[in-house]
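One chain, chain A, links the two complexes that follow: it is found with chain B in the first and with chain C in the second.
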Partner chain A sequence: MKPARTSTGLRAWLEDRYQLEPLFQFLSHKEVPIGAHSMVWYFLGGATLFFFAIQIATGILLLMYYQAGEATSYESIRYITTKVPFGWLIRSIHCWSAHLMIVSLVIHMFSVLVLKAYRPPRELTWVSGYLLFAISLGFGFSGYLLPWNELAYFATVVGTDSVKSVPLVGEWILEVLRGGPDVSIATLYRFFALHVVILPLAAIALIGSHLLFVQRQGMALPVGSTKAPPGMPFFPSFAVRDLLLWLGCLLVLLSLAVFVPYGPGLPGVDWELGVKADPLMPAYPGIKPEWYFLWVYQLLKEFPPHLLGLEGPQLCLLLVSVLMVFWAAIPWLDKSARNNRPSPMFTDLAFAAAYFLLFLTLKAWDIGAPEGAHDEAAALITARWSAWAVLAVAAVFSAFRAIRHGHHYYILSLAAVLHAFGHGILGFSYLVAGASTAAIALGLALAGGFFSSTASAERNG
Partner chain B sequence: MIGDYTRRSFLDGLLGVATLGWIGSVLYPVLSYLKPPPPPVRSGPVRLSPSATERIEREAFTIVSAAGKRILVFRDGDRNLRALDARCTHEGCTVQYVPKESVVWCACHNARFDEQGRVISGPPPRPLGRYIVKKDGAGNVFVHQESA
Partner chain C sequence: MNAVPRKLVAAVAVVLWSVLAPVSPARADEGEAISTVSEALTALIASKDDAGRPVLTEETREQLAALPTRVKSLLDDAVANEMITSAEHIATILGAGFNSDKLEIVLSDNCFLCHTDYESQGPDQLFSLDPAAQESPLHLNLRNYASDVHLRDGISCAGCHGGDPHEDMGHDFPPSWPTSQKRRTEDRSWIPEFCGGCHADAAVMQRLAPKLPTDQLSKFRTSRHGLVLMDGKDSRAAQCLSCHGVHGILSPSNPLSSTHPTNVAATCGTCHSDAEVMKGFVLADGTPVPTDQVEEYRGSVHDRALMERGDLAAATCNDCHGGHTSASAESGVASYACRSCHAANAMLFDGSNHKDAFDKHGWSECVTCHGNHDISKTSDSMLDPSKSKLCVSCHDKFSTPEKECSATAEKFFLKIASMSAAAEQAEHEIERLAKRGLDVEPMEAGLERLGDALKRSRSTIHAFDRDRFAEIAGEGDAVAAEMAGFIDTAREDYKTRRLELYGSILMIGLLMLLIYIRLRAWERDNGRPGA
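Right after this comes the complex of A and B.
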């Protein structure tokens, strides 16, 4: 019989004091399931965490020079980018990693949705991830104002103004967010506190919970599995791959930060300092929020002044709130996945949501419209271009899904495409096209018996 | 013990009420603290600075701050001075006067208002607030803070 292996050195020293052996045992036995689908999806959470760590590190470096204040915010950012050695690089890395973090977070969330990794007992992993996504958007929104430039000012005016539509407490929330009735330097102080203290504390607590859930429950098994497939040891096999991916992320991040230091120049992906904020200057043409808020920005445009007894912005906020609550509650709404059965409707929902967001984002980007044109004709051209782009993307993804994965359920994604077609190509208003296609999709879904999870539907993952 | 009502359940209830009272006594001052006091309001008309008046002559409009509000002062197509709330009623962006088209325009969501502040196109749900604007014999422009 072989003698039990004894620890030496630092490990023994720690073991004597903290009895960490069970933790080492847990880590040495931890495995990641392989074989059911691409392992790529298991690395996205780690990539997001990597970009968050870069955010914290570069944020601390920026804090060495940044001074919040009416006469100092804009000036200190200009000083960082023009005078401080490598200041431009630190700011560029901070901005690029913020965008890349949102990209990897979005892909991570959609992959969890498609793989149904939210099903019991992992509901709280989904909810904590959802909250982390909300916090990341909060980071983006609050950080946007800190340079105190013209773009930041108006983005904050629009972003905060929409909360006044919340019944009963809207005006109170608006004043608390802004530190007064209007966006002013008091707003910047509050956003600064939010960006560097409140949100990081909340994010760290939530990341801790999220990782604890993942470690405790392990990676989700493929739908339909009851026993764990062959696994890859987390240490060292998966961890080394994770580190390799982080190295790749760092390489991409540094390349972008060095060669495109102020963003690619697309609306919403651009961090040129521009002109200092002046609350007494009018909003300038072509003003846009960050790319991940463009869909809300465009949706606000699509609502008429009044509808169903409410003001347009109120109804828009209500719709967005309903969609957000629905998204958070998916682990409880997806009855098939709860019973460890395939749920093609929720797989298709992920694609429908992507087409819905893509259409609005492309419209907000004014694609296809003549430079500087803001009239009705330009809006029609943009809608048409955006619709064709969505149709093309949907055709490619649907073909891939059908050929590669044998998917059969396309009702929701078809509704999203029909919506874009009805509005952009047939010329119906956005809401009329949306309501019509929603009604058709609901009818088809009910006729197909999808809310009762028919056996035929379950063939499709 | 009276029926199902015991001394323990009474004390549990009392503890619950006390806990709620304690939470309220902590939250109330914190929530009150978060909302800043209203800015001081200066009554009476606001006189435009010479540079603001000059800007109206040069660019046909200016934006001034009065009682915590942004007010658009412009010279309309008939050369009359007008004053409107500069905050778009849609999402609060600052509007501007476009003299070539004689419209007030918000660049954020492409909303248009006429010179009276009424919505012509776009998503704003309400017209812009109107203010009284007057010019004295010495050429000073005054904006009255009361809505017209």
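Right after this comes the complex of A and C.
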């Protein structure tokens, strides 16, 4: 009898040694569901992965010239951007890709939330994605300090200072984070280790698990479906489209790096090297963290020094922690989605969260305020502009949701908009406006829940 | 069995008490907490007004409680000796802001204790926290007295007024003290000699303030102010107190002092901007002394450097006119003062052909072109024959209008204007290139050199020498040419970057197109969804 393995070439050679046929079989039969909603959302994870790969590649290239040290960090980055052939390109791509990775990651997370792809059995895919998001923020925070320039130094001083508010162990965490009581070169060394060794290892392990989960379980079906709709073959149809998207992303990265090498110039999205850090200089006003931390930065500013017997920052961090834990636990909290039923409340929650983050970020960006003004009057102008912007964005999105998707649940997003309206336009304090609208939303949600359960009881009855 | 928990409870109670007791807030309640002072003082501290409220505020009681023991003991003594008899008196003394060292001095000084007690003194003799409210002369301000530089060295009332501060009454004035009320209020010519009693005495000053000079009096005697006051017996002229104040004299290095550089113009302006005070004073040519100098000085290049940039070396009144040696502009001293800071330009001028002409006409060398009190920032347009009459205003009148002179000025102007434009354009271009991510380090260094050459060229104009100017300006031209080369290279670099990008876009785009065509073909052949 003729042996089965007669084909020649690399595949046969590998098959002889590793018996990869089941893997090829799996790939050739794997399909991506199509039809229920736009395919766009399936590509965002891939885009994020591409930006991460770019980060690893450009990071390794930067590592060949970067020298961490008080007298070398700033100088080596300057050398990379001015003297090393294509050094400017590599650094610029590294920075752009870092920001675009977070952008695509955030959109990916929101799309998963809206499409309810986290429902069983995919809870751990959500959690691993959530952890990857946290790691990305860690990458951003640790990488920001490495050029050892003035802006990065003071942003790190302000950023690390906020952990002091953690009860009991805050001071200790601060010292561990900084490697001493102040931000010093010791801080840079540990941020460097975090940025190039610890976080990449953790990220690769988590990306591995995340991809494994996705491959093992396949893409989530639309809510309500039990049978897979006709799908697109994963290989080559989906994978090659992914490749095309990656090549497109590469083109965008190259163009941005050539035409806008230091970012668009917005606070928190700017990586011009500027002046070398001098720990003895006083911090200048208007120091801001990177854009994805601006909402926490602004929320901290909205809290008074003391509230409810706690320190303002403590209470703020407590609120942020509660929100974070809630976000991680969404697959378990969304009971409707768990039962494969539509869950309009959590869909609306995604939009409410987006408006909440947008309002704080715009406020932190000082939009509308006169150049360089940081006083009370400027803050009021910014709050008004931000509120109008949120109102406009919410109007467009709500109209789109109502017309295109027939959504009918808007309680949470309405609360987020009312919050912005009450604070920015009516002039209530951020917390008073927030507490009032939260109470209204809770009341409406409970009433809605009561009516719907009554209605379903009537139907069942 | 119950013994152990009882012991445990007791032990916990003891531990809790020992931990909590020390941190329970201390209450300086109506004198009870200040346990180390005498009963008489305690009673004063606890005294209440007619409405039954404590006279001393919570803050004053806390201040009292925090005083060092030696100060409390002096306060006790003053109360025991009946030098302090009311809580209001204590509030006045503690409200003035004396530190504990100064309190130690004043609490053992009977002059002070008596003259701060409103029960024993009339408004003319009473030091208080608010002299206007007490209808007292403004120099009897206790807060000012608390910051006086003399008190720091232990010189209290008797230091100037004489007498024994430890006696009950000691109005034993020093021999140099004016004997009549008229002399004290109308004739101020005795003051410089009186202050000089210590300040011109090297032995005294060596002991009290060795860093201070002792020649102020001798300088003052020869100054314009000194001559008017001491020889002319005109008490409108400034003496020590006019500038340094009284009962609140601060070191000139103190930003609150009336003689701190940032306050000098205002201090001089107190008299020199007051037409009433200056009435009758005339210049050598018989014209009245103007009163608009301070107004002119405000906004000048020197005033802005001093007040906006905080550059304490920038010139104010006394830097040109002298302080104790106050000289008028007519004496020629002020016009030479520019040299002490602008030495390089002065030396260039000395070697120029203008020097002789200026000396011959008796023109003030810098002031003639740049002005004096209202000197504004120099600009290249001063040389522009189409805009400025600076050169021709003299050349037309005093010198044969020479084409050569106008041509020289124009040459200077055109060269400087072209260098200045080159520097400005280079700066703009560097900024643009830096934003595009190009290496601008060599250009920034070049720009600095160009700026330096420009500065030196502008300075060289003071020599009014074409060859010398051409030599320095030539260096600037060379740097400008070098910079233009750098900028061209950087522009080329950026062009190459863009070309490489377009090449990459083309290649990757082509690759994408090929992949897409191949994929569609596969999907068509296999009849798969997505096709």
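Going forward, the second predicted complex is superposed on the first by the 442 of 461 C-alpha atoms of A that agree within 3 Å, B and C clash if a C-alpha of one lies under 4 Å from a C-alpha of the other, contacts with A are read in each partner's own complex, and residues count from 1 in each chain.
Simple rule for what comes next: contacts are C-beta pairs under 8 Å (C-beta built on N, C-alpha and C of every residue); 3 or more make two chains touch, one makes a residue touch a chain.
The shown structure was predicted, so the numbers you read here are calculated from the model rather than taken from an experiment.
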item: Touched partner set for A:S92, first chain B, second chain C, both or neither; value: second
item: Which of chain B and chain C A:P22 touches, first, second, both or neither; value: neither
item: Which superposed partner A:P236 touches (first chain B, second chain C, both, neither); value: second
item: Which of chain B and chain C A:L280 touches, first, second, both or neither; value: first
item: First, second, both or neither for A:L251, with chain B first and chain C second; value: second
item: Touched partner set for A:G312, first chain B, second chain C, both or neither; value: first
item: Chain B versus chain C as contact partner of A:I34, first or second or both or neither; value: second
item: When both partners are placed on the shared chain, which of chain B and chain C touches more of chain A; value: B
item: Touching both chain C and chain B, counted on chain A across the two superposed complexes; value: none
item: Residues of chain B that touch chain A when the two form their complex; value: 34-36, 38-39, 63-65, 68-70, 86-87, 90-96, 106-110, 119, 122-126
item: Residues of chain C defined as touching chain A within the complex; value: 435-439, 441, 497-498, 501, 504-505, 508-509, 511-512, 515-516, 519, 522-523, 528-530
item: Residue ranges of chain A in contact with chain B within the complex; value: 154, 157-158, 160-162, 172, 175-176, 179-182, 186, 279-287, 297, 300-306, 311-313, 374, 379
item: Parts of chain A lying in touch with chain C, wherever the complex brings them together; value: 34, 81-83, 88, 92, 230-233, 236-238, 240-241, 243-244, 247-248, 250-251, 254-255, 258, 261-262
